[in-house]
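Lettered A, B, C and D in written order, each chain numbered from 1.
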Amino acid sequence: MDLFIEQTVSGLATGAIYACLALAVVMIYQAIDHFNFAQGEMAMFSTYIAWYLMDDAGLGLPFWVAFVVCIVISFIGGAAIERIVFAPISDAPVLSHIIVFIALFSMFNSLAGFLFDFTPKNFETPFGHTPFIEGVISSHRVGMIAVTLVMLGMIYAFFRFTPIGLAMRAAAAAPESARLVGVRVGFMLALGWGLAASVGAVAGMLIAPITFLTPDMMLGTLLYGFAGAVVGGLTSPLGAVIGGFMVGILENWMGTFVVGSQLKLTVALVLIIVVLLVKPAGLLGRVVVKRV
Amino acid sequence: MKLFTTTMVSAVALTVAMGAAEARNAPGVTAKEIKIGNTNPYSGPAAAYSSIGKSVGACFDKFNGEGGVNGRQINFISVDDGYSPPRTVEQTRKLVEREKVAFVFQGLGTPTNSAVHTYLNKKKVPQLFVATGATKWGDPKNFPWTMGWQPNYQSEGVVYARYVLATKPDAKIGILYQNDDYGKDYVHGLENGLGDKADSMIVSRESFEVTDPTIDSQIVNIKNSGADTFYNVTTPKFAAQAIAKNFELTWAPLHLLNSVSNSIGSVVSKAGFEKGQGMISAAYLMDPTDPEWQTHDEYKAWNAWMDEYYPDGDKTDAFTAYGWAVCHTLVQALEQAGDDLSRENIMAQAANLKNFRAPMLLPGVTINTSATDFYPIEQWQLQRLKGEGWQRFGDIIDGSVGSGS
Amino acid sequence: MALLEIKGLKAYYGQIEALHGFDLSLEEGEITAVLGANGAGKTTTLRAICGMVKSAGSITVEGENVVGMSTEAIVAKHKIAHVPEGCGTFVRVSQEENLRLGAVTRRYREIEKDYERVYHYFPRLKERRNQQAGTLSGGEQQMLAVGRALMLRPKIMLLDEPSFGLAPIITEELFRILGQINRDEGVSMLVVEQNANLALAISKNAYLLETGNVAMTGPADQIMDDEQVRKSYLGY
Amino acid sequence: MASTQTSGTVPAFLNQNPKDRIFVLGVPLPLLERVGLYALLAAVVVLPMVYDGYDIYEFGKILMYMLAVLGLNLLTGFNGQFSLGHSAFFAVGAYSTAIMMEQLGMPYWTTIIPAAIVCFVAGFLFGLPALRLDGLFLALATFALAIATPQLLKYDGIAHLTGGVQGIVLDTPYPPVWVDSIVQSITGEELSVDRWKYMFTAFVAVIMFAGAWNLVHSRTGRALIAIRDNPLSAKTMGINTSIFKSAAFGVSAMYTGVAGSLFAIMDEYLAPESFTFAEAIKFLVGGVVGGIASLFGAIFGGWFVLEIPNFADLVATSLENYINNPQGLTGLIYGLFLIFTVYVMPMGAAGLAQILVHRISTKR
């Protein structure tokens, strides 16, 4: 098969990883109006929890039970982080929030290594690793894309059609006005954190069977996830997924035909900066109109 | 390096005070104790390697429990450098100047050891058996106070090159390597081994970063280059990914897997045995997870020690066997040194190991050093994955590359 | 008893006392104007009623003291719709979603016909129902803000400078509609305004604030006739 | 440069220093600050007379980190822009020095000024697009920069300059003969390399600190602060915000870059592994814990950045008997410190000191 096509397909498969994480990025951006720099580490930590639930050395639960339990734990954990860590500093300047994100980043990373050590762990997949289309894509990757799309549908519907989704967006973007129409802003933020942590957990559990589970699995991945979210538009879940796939493909194209594999991360860096400058709303996002 | 000789001369003045004050023995050596320093990445991106530091510590605990070495207890001070070179400098200087260790042993990592390479040599503090396989550690002419231990990465590359030349002379080789000194050393080794044919035989070179999420794209490129031989120079996580990805692409080249990642327990079993059948790898240590060794005496001794002194350790982790073996090597050197525990003599004895067999080395592999040969282990044996274990084949191969050069 | 009864209201920004303890009341179904110069405490008064500033004294709505209650609870329980200064538009969502947010505390099934109610008062909004709210003009955003308030089916509307930044012709239309809403739906309104003429024209009572205290109070027409008020606030 | 541009256009209030009227125990605050400054300066001069070897090396590193943190403080604390990517400018400075020494054979002490210029330009150029990015987005862009930096340094295309994955081993910075002879004539012993490295570092650091001090207390500095506090009104007052913001980015990069140069000279070895995201976090931690809007805070931050791993080690060793691998918790300790700071002293150690000063101060 033609190298170009093969790289494109491979890019799609990798793009699914980024799409997953980009979705989590958009989720939290919609819910709290911030990037969560600790998002990757939180997802990684959730994945370790799932691993512990599943592994024979841990609780030995079946995959789907562990999957659900992990999502629930992540939801509670995410909401708890908002209530315990962020609620007291809700009026503090952006810098304080960024610092706390970095603190969480550092803490989760460190804690994962401490609790689960650093050797790569094998993470099970219910889809199996058999070839789906011979020589092109495996069953797990197809399953992963499918789950990503399902998640996308759910998130889209949640934000678009449910009152609580709308209230959540309002609470994030304009907390004061939201309060004035009776939105329980604190509750919304906690809910948003919980949901974002859950989406991140799903992303982690889908990614880990491919990358293997290590405490540093998310650092580079998160950067690509951010790139995907920025390209697609931070306010659009659909955009984030498309953006994630695009970043995956673009990374492969650039790596193979243009800059070589040594500068792939730089591609993500340039992409983020260029999109933020040239089209800050991304492909599908809405222009954020500011009243001055 | 041209300045180095002048450096050495003027550095003498700095170290006079230390040497003169304490007669013969190195600082940190008393009638009851030998103080040894070590830096390891207990935190940070390379923390997976920290089990080496821990197992070395546990090994010294065992010797101390049995009366010590030469009647002296080993005081092994192992500190965290987070795999950050500046931190290694701080920590090493602290060990040498404040803790007054006799020498440093088994510092881990190439960039980290490079950061203190000149410092320790200027100060004439032995930098013994560093835990990295770069070639530069065996340079007694310019760095008489530094010595490696494990076979260097280049020598392993040479071993694969010879194997390919012998069994598959028309091979088209695709290389996947980690973009750092370790990866590039492996590539150089293979190129050296192939000699003139390197340019025609190597059809693809793809690198990746440790921060890359996957190596899929690189493997697609290598496969598309028409390669029929895959030289896999990756650390465990990426090695497992590569094995799985090849299988996914139904690509079945001759797979040469570097020894860094040939652990049955932490790599091959995780990628799946069925995906790695027929892989070739070189080894110098027994893999504790390989069923073949379960009845071997050295394995049993190792196993008993793990149970007693390092119960938290992971027995599938090959680094614990590594730590066990390197610790015995040092003990041998110290025993040879007897009661003359000056830094000079410790270094001299480390450079005077003759046919020493550290436990858990592969049968037939021995350690030899001399004043001009600072590469303790230079032997390999090739093995092939069959079923759920490695099968060794062929003779013990000498992979030395330019000893003492 | 009045619908909204304020007694001895004090409000604080950090250490600074912004309101110094005054009384104010709003009768059911009436419009009351609150006038005053910049910094007199008009906006703070409205914010205090909604529990958005730290305050002391008592604010009794429908017989319950709401001081210390959370904003969300006051809005939901007592149906107080606050149209803040600068509209408080949710710029990222569509115009109709803004209306939807106005009714966020009500049950989903009950609000369908309220959209039509809003469009009845503001036909122009209907044309732009799916437009992103941030792209609406200032006048449209103000109408949207009132529309959003209506979605709550409020008992009380608190309007903060509704004429701010609007063209005179639009301001007049807006106040005409406010009067109409008051008559048709019986919504009580507390209107804070710089444009005292317009506010007094639709109000029954009025308060004049000066530096955190009530300087004068009485029926709107009396206030309008007052010599000093005319000079200071009405400009003739 | 910038100050000439603004003279005449900057409104009068920027020329007032509100601290002039504050008195602590009867002493005017600016005077007190000045005394504190001179005391620190005296300490910096005295240290190499007392210490040598590892100790003086550590003090040198504190000063080096102080400069790096100072760069971040100037940007974030005084101009309100964020950077999670200052490890990149640290690397630019370090590599500039190393390349000039290695490729051009320049003596180490001549490389500081060119490296500073290179870093200023790099920062200024990065600052241009950064102008259009809000706080959060700028944080994202610089986050990406920090993560991509080690990879860029290893790039084969520039490996002949940067040494690629091998890094660069540098020559030892020996003291100039005349300095050595002066010291020998006074003390009778040779000046050790460690002491000289410290003296050199301290010399650069003191000049840079004084520069920052003057900058912050100048009209330019107040313009920067005005932009931080209210960009819109700063604009309406006639301050060219974009030039100022880019220049602030440049100056900030220059400070951190010079710290990088000093780092290269001090450690005599560079590798891409020395410039990871962890390094960027370090600077941020130093800035925040010291007090991001304070010059004195940078001194505390520099000390803190160097000592916190030692502190983590200490905690780790004391826990050794209870848990396995306590050193793994270093990151957790970092994180807890950050959160603690944000909660308890949002203005950092300097802010805390300020509060204490205000408790015992009077206004006239």
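Definition applied: contacts are C-beta pairs under 8 Å (C-beta built on N, C-alpha and C of every residue); 3 or more make two chains touch, one makes a residue touch a chain.
The structure displayed is predicted, hence computed values, not measured ones.
Engineer: Could you tell me which chains are in contact with chain A and with chain B alike?
Structural biologist: A chain counts here if it touches both chain A and chain B, which gives D.
Engineer: Please flag the chain sitting at the greatest distance from chain D, going by CA centroids.
Structural biologist: C
Engineer: Looking at chain pairs A-C and A-D, which one is connected by more C-beta pairs in contact?
Structural biologist: It is A-D, judged by the count of C-beta pairs in contact.
Engineer: How big is the gap, in whole Å, between where the Cα atoms of chain B centre and where those of chain C centre?
Structural biologist: Here chain B and chain C have centroids separated by 75 Å.
Engineer: Using mean CA coordinates as chain centres, what's the gap between chain C and chain D in Å?
Structural biologist: 51
Engineer: CA centre of chain A versus CA centre of chain C: separation in Å?
Structural biologist: The computed centroid separation for chain A versus chain C comes out at 42 Å.
Engineer: Quick one: report the Å distance separating chain A from chain D, using the average Cα coordinate of each chain.
Structural biologist: 33
Engineer: Any chance you could list the residues of chain D touching two or more other chains?
Structural biologist: In chain D, residues 147, 151, 154, 325, 328-331 touch at least two other chains, as defined above.
Engineer: Scan chain B for residues touching two or more other chains and write them down.
Structural biologist: As it turns out, chain B has residues touching two or more other chains at 43, 45, 47, 50, 179, 209, 211.
Engineer: Give the residues of chain C touching no fewer than two other chains, as numbers and ranges.
Structural biologist: Residues: none.
Engineer: Can you work out from the touch definition every pair of chains that touches here?
Structural biologist: A-B, A-C, A-D, B-D
Engineer: Under the stated contact criterion, what part of chain A meets chain C in this complex?
Structural biologist: Listed in rising order, the residues of chain A that touch chain C are 163, 166-167, 169-170, 173-174, 176-185, 235, 286-291.
Engineer: Note which residues of chain D are touching chain B in the complex, please.
Structural biologist: 53-54, 57-58, 61, 147, 150-151, 154, 164-167, 169, 171-172, 174, 190, 192-193, 263, 267-274, 276, 278-279, 306, 309, 312-313, 316, 324-325, 327-331
Engineer: Quick one: which bits of chain B touch chain D in the complex? Just the residue numbers, please.
Structural biologist: 1, 3, 7, 10, 13-14, 42-45, 47, 50, 54, 79-80, 82-87, 89-90, 93-94, 96-98, 111-112, 114-115, 117-119, 179-181, 183-184, 209, 211, 312
Engineer: Residues of chain B touching chain A in their complex?
Structural biologist: Listed in rising order, the residues of chain B that touch chain A are 43, 45, 47-48, 50, 179, 206-214, 216-218, 220-221, 224, 236-237, 240-241, 244, 247-251, 266-267, 269-272, 314, 317.
Engineer: Help me check something: in the complex, which residues belonging to chain D touch chain A?
Structural biologist: Residue positions touching the partner: 76, 82, 84, 129, 132-133, 135-137, 139-141, 143-145, 147-148, 151-152, 154-156, 232, 277, 281, 284, 288, 292, 325, 328-332, 334-339, 341-343, 346.
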